[in-house]
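Letters are used for the chains, namely A, B, C and D, taken in the order the chains are written, and counting of residues starts over at 1 for each.
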Amino acid sequence: MIRVGIYGATGYTGMELVRILQRHPGAEIAFVASQSQAGKTLRQVFPAAPALPLIAGAEAPLDEVDVAFLCLPHAAAAETAVVALAAGVRVIDLSADFRLRDAAAYAHWYAHTHPAPELLAEAIYGLTEVCRADLPGARLVANPGCYPTSVLLALRPLLLSNVPLAGPIITDSKSGVSGAGRTPSQTSHFVEVADNFSPYKIGRVHRHLPEMEQAIGWWRASAPPLVFSPHLLPVPRGILSTIYVTLGADATEANLRALYGDAYAGEPFVEVLPAGELASLAHVTYTNRCAIGLTLVGRTLILTSAIDNLIKGAAGQAVQNMNVMFGCAETAGL
Amino acid sequence: MIRVGIYGATGYTGMELVRILQRHPGAEIAFVASQSQAGKTLRQVFPAAPALPLIAGAEAPLDEVDVAFLCLPHAAAAETAVVALAAGVRVIDLSADFRLRDAAAYAHWYAHTHPAPELLAEAIYGLTEVCRADLPGARLVANPGCYPTSVLLALRPLLLSNVPLAGPIITDSKSGVSGAGRTPSQTSHFVEVADNFSPYKIGRVHRHLPEMEQAIGWWRASAPPLVFSPHLLPVPRGILSTIYVTLGADATEANLRALYGDAYAGEPFVEVLPAGELASLAHVTYTNRCAIGLTLVGRTLILTSAIDNLIKGAAGQAVQNMNVMFGCAETAGL
Amino acid sequence: MIRVGIYGATGYTGMELVRILQRHPGAEIAFVASQSQAGKTLRQVFPAAPALPLIAGAEAPLDEVDVAFLCLPHAAAAETAVVALAAGVRVIDLSADFRLRDAAAYAHWYAHTHPAPELLAEAIYGLTEVCRADLPGARLVANPGCYPTSVLLALRPLLLSNVPLAGPIITDSKSGVSGAGRTPSQTSHFVEVADNFSPYKIGRVHRHLPEMEQAIGWWRASAPPLVFSPHLLPVPRGILSTIYVTLGADATEANLRALYGDAYAGEPFVEVLPAGELASLAHVTYTNRCAIGLTLVGRTLILTSAIDNLIKGAAGQAVQNMNVMFGCAETAGL
Amino acid sequence: MIRVGIYGATGYTGMELVRILQRHPGAEIAFVASQSQAGKTLRQVFPAAPALPLIAGAEAPLDEVDVAFLCLPHAAAAETAVVALAAGVRVIDLSADFRLRDAAAYAHWYAHTHPAPELLAEAIYGLTEVCRADLPGARLVANPGCYPTSVLLALRPLLLSNVPLAGPIITDSKSGVSGAGRTPSQTSHFVEVADNFSPYKIGRVHRHLPEMEQAIGWWRASAPPLVFSPHLLPVPRGILSTIYVTLGADATEANLRALYGDAYAGEPFVEVLPAGELASLAHVTYTNRCAIGLTLVGRTLILTSAIDNLIKGAAGQAVQNMNVMFGCAETAGL
């Protein structure tokens, strides 16, 4: 039985983690921590949650757990990771702290010095389908961002192929509101979001951009530039990325579909959709799956990629990573 | 041309007032004031608004207006009313400050001393259909609360009739989220509201309860007690009150419908629905109307009453009051 | 391993049943049948479903199953029940066909002669918390309606107590749209439902009314009349019933809460909420639970009762019944 | 006073037209026609509509009107146009029948022979900002499609400029559900749409594609190919198109913004947003406006263009066209 601790349990990601782990046959929750709500029970914060006592992070009994999930703001996550690793606890960090391998890039995009740059080289970028072999020995896993998960799973087979690419890679991504977190703000107010739909942080602004560029660079040496346009959808959860890649040579949709079929054959959580079917949120919400559709129009390949941002885009993929790290069935609890 | 000033223009009610007054043929907006956003334009706060400059309330040119609308928090409203009245400006207050005639009741429900108790006797309770005759001479109008508007218009003909009542008057009321205002909070977060539906402040808790009891007392000496159960609907705007009154004697639905038809004959904004039709939000959103349905089941009369909380429940009724105060057509701009 | 067949698998209730049974440790789906979609796979009908082949009901291999779930229209359900029972298969019927014990009442409310009146006496009304002892020996279970589940669980402890009641029992109930089924209609069109909220079938019209009256009659000989007002909520799933019962004598909220606490002590799926907490959809969606809040105002007891209409109100309670019928843990799969 | 007849008044577009014309100071509705609902009043179809009697189209008194609006299915619209024009009535057709100038293209995309090809040369493509000069003398106006309105207004200044273009023009467009019409279907069922988001008809499938290509061809001789990806948003109304155009040479955002500012200077219904502001549905719903944002990322120009699909994308633009045709103020009623 894997003993688990959760830091930052009162956000949407933390809560989703609790929900998944509660029905996980091989894991048990040893503690749930929250800075802002310590002293209450989780049930007092979420009406559908179990009555687990919330403790302050500083009082977490690290000696009672095998792995800690960090659902904390960036910087706070890295500081907690240092403490947990020192106590011999493996860490799955759902913040952005260990996603970028370059401390200077981190400092640029997050506007402060990285709290633990010495750990960057060791952290595994936890797109499970990609890093699976590295997980059993990993001490520290950087769980990918939600937008990057939807985009990178869709792009990877193409980038690793020898299909030439021309023009920019454009990802027009749409996310449900839980992606913005649980802290109230004008932009998450029901009246502002309902009946509305709005792009935001278009251009080179969103912090998930360097994370995606980093992985694209790993997979193809001189890939075209990435254009990333996030939009806010009036739904609680789910991400759909519609990705446009202009190919540098003629191709057939059948060949591209075969390429993707081979790449994801046997994957329990990635579904390459049959011809004529496009990915939608209804394919994936409340599951750990990623659905990928392919449509070729002239030389433009249109990829539609859908995930549940809280599950495959956060808590679900974190548990998928834990499962592989500890030798459980990869699908356990998911 | 009526010259209008609006205090608190950056809330939902203030914004709705601007929208209505912009297309009003007999009124013009002289200033819009906001404590928190002074210095910006209204367009910077609402993307669909005109680019009116927002000034601080203290700098409002009261000598340039005939009437001031107060979309302010309670207490602040009363203080501003004093200043405006002293400057010879008529006041339509959309806060709760002048709704209760009894300063002690106000102090009890609002937990502070009334800032201007000397004005309470003078204030007109501005349910237009009821107070119409008093408006031309009024200096100060207390615009009714949104829930009370939906409930009182539905109850009044019955209360004024000689139909005996038994048992409590129960109003099960449901409101869209704009009724809770624009300040972000956990309870108005999109993810908490969407796909949810929740009662709140059931019992003798909500501040609209004494307002309704006061008017019920005016219309029937010994009315049964009122039970008021508000609920939060996952829609931006609209209130539906389903009201249950157990009659003290047999009656027919046809007679009751005739009673209501007579009471509201000729009213431009109150529609008594035909037999078999129930009020819904779709009858009234984006209008100044109140739709009232009647269904008699045994001795229980079920009234369904729908309004748009921001229009007939706030800004629209305020303009309707202004129209009568200044001798415009009552429907102008509405 | 309980072998299960599902008739009418392509409606919302059927689909929910598949979802639950897929993760049930002690049951396996032997077939899924659909009149309208036979020949397709379930995956072609619901993008998140498994690729089970849909067969015509008439071709269902009844000899391969222990129990059949009927998610069929009324009348069709009773006819299928006869066939299944004759084949030695136990039946859990999610339609209304076996809920009313009186064939004449059925004929009145459903406007046709009951297809199998000889089975009415045998059918167990499957509110699991009530009929638990009868389930192990049952051949035929009438799974309760969604509204009745929310209302009857909330009323039962009070009705069985010696607290005197006065005035009508009023239930103001609000349901998500999946309660109306998957067949497209004007009233379930997104544009008609979104931003709207509407009462419907108020009075003595809705077919769940006699079902509730029947159970109320079982539990208290001369109960007050029931007034039932259903409303359509702009959410996919969930029911909240706000129930008003005027007591015939003074009582304290604490005593009533104790009564309910005793009645549901140890129940895995019924939660009596602590003082001051009201039931909401967020307490129960995506679970098999019923949350019940109590508020006493004067002599009016206000019960708030929430369930997920597709789970505790249909597929979940059906599986809960199956679990007890076959000796599984009652919570298995739920 | 312009006398107006409306065919197909009971769809969303027809209903919006009634709403606009009711408050139009220079027009009056002479008749509303509906094939399916003739004999009822409009109020019986829409609870917020006036009680206008619905007549059969064949019985419409064409001698009493100056202009007919056709909110009919394609083919039926062209047939009615022939009748109305023969009666000396000017026609504004909101269907697709007169948008494509080439009868062969029409036959290809709409799968039947054009009912009135002799009128195609005469029909004005009614993007008001573009065709304004031709409207006073026009007998027949083809009101543009909703998607094309959002895309073409955003592209036109660029296409008419001398900025070179490279790569495809990609428009990732998202529409509210009213764009799909009022006829119930599985894809417009509330439960299928709410909490979902889905692309559809991606590739060379959607009938608005040739309409956009035709106009693009008018404005730039050898424009890059157009890629059009429509998506269904869980909102009742509004379209946002996010359009990606890769330029063939370096440019500055300021220069491009100036180009757009000049193109739309003085336009009452097109707003070019200031630097840093992106178009959203909240800019435009319930108005006749089109909001256009510009963001340059490397050599990719990202245009965000928002309209209300029922107003600027249909009924509002139709009235705008009528206003110019009959010499009213262009903004009258809007």
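Here is the rule we use: a residue touches a chain if its C-beta (ideal position, glycine included) is under 8 Å from a C-beta of that chain, and two chains touch if they have at least 3 such contacts.
Bear in mind that the values here come from a model prediction, so they are computed numbers and not experimental data.
Determine, using the mean of C-alpha atoms as each chain's centre, which chain is farthest from chain A.
B
Determine which of the two chain pairs, A-D or A-C, is joined by the larger number of C-beta pairs in contact.
A-D
Please work out the Cα centroid separation of chain C and chain D, and write it as a whole number of Å.
One centre to the other, that is 46 Å.
How many Å are there between the centre of chain A and the centre of chain C, using C-alpha atoms for each centre?
37
Taking the mean of the CA coordinates per chain, how far is chain A from chain D in Å?
39
Could you say which residues in chain D touch two or more other chains, in rising order?
Only 194-195, 234-237, 280, 282, 285 qualify.
What residues of chain D sit close enough to touch chain C in their complex?
Contact set of chain D toward chain C: 12, 177-178, 182, 184-186, 188-191, 193-195, 234-237.
How about chain B: which of its residues touch chain D in the complex?
It is residues 46-48, 194-195, 280, 282-287, 291 of chain B that touch chain D.
Could you please specify the touching residues of chain D with respect to chain A in the complex?
166-168, 170, 172, 174, 192, 194-200, 202-204, 225, 227, 229, 231, 233-238, 240, 242, 244, 246, 278-282, 285, 293, 295, 297-298, 300, 302, 304
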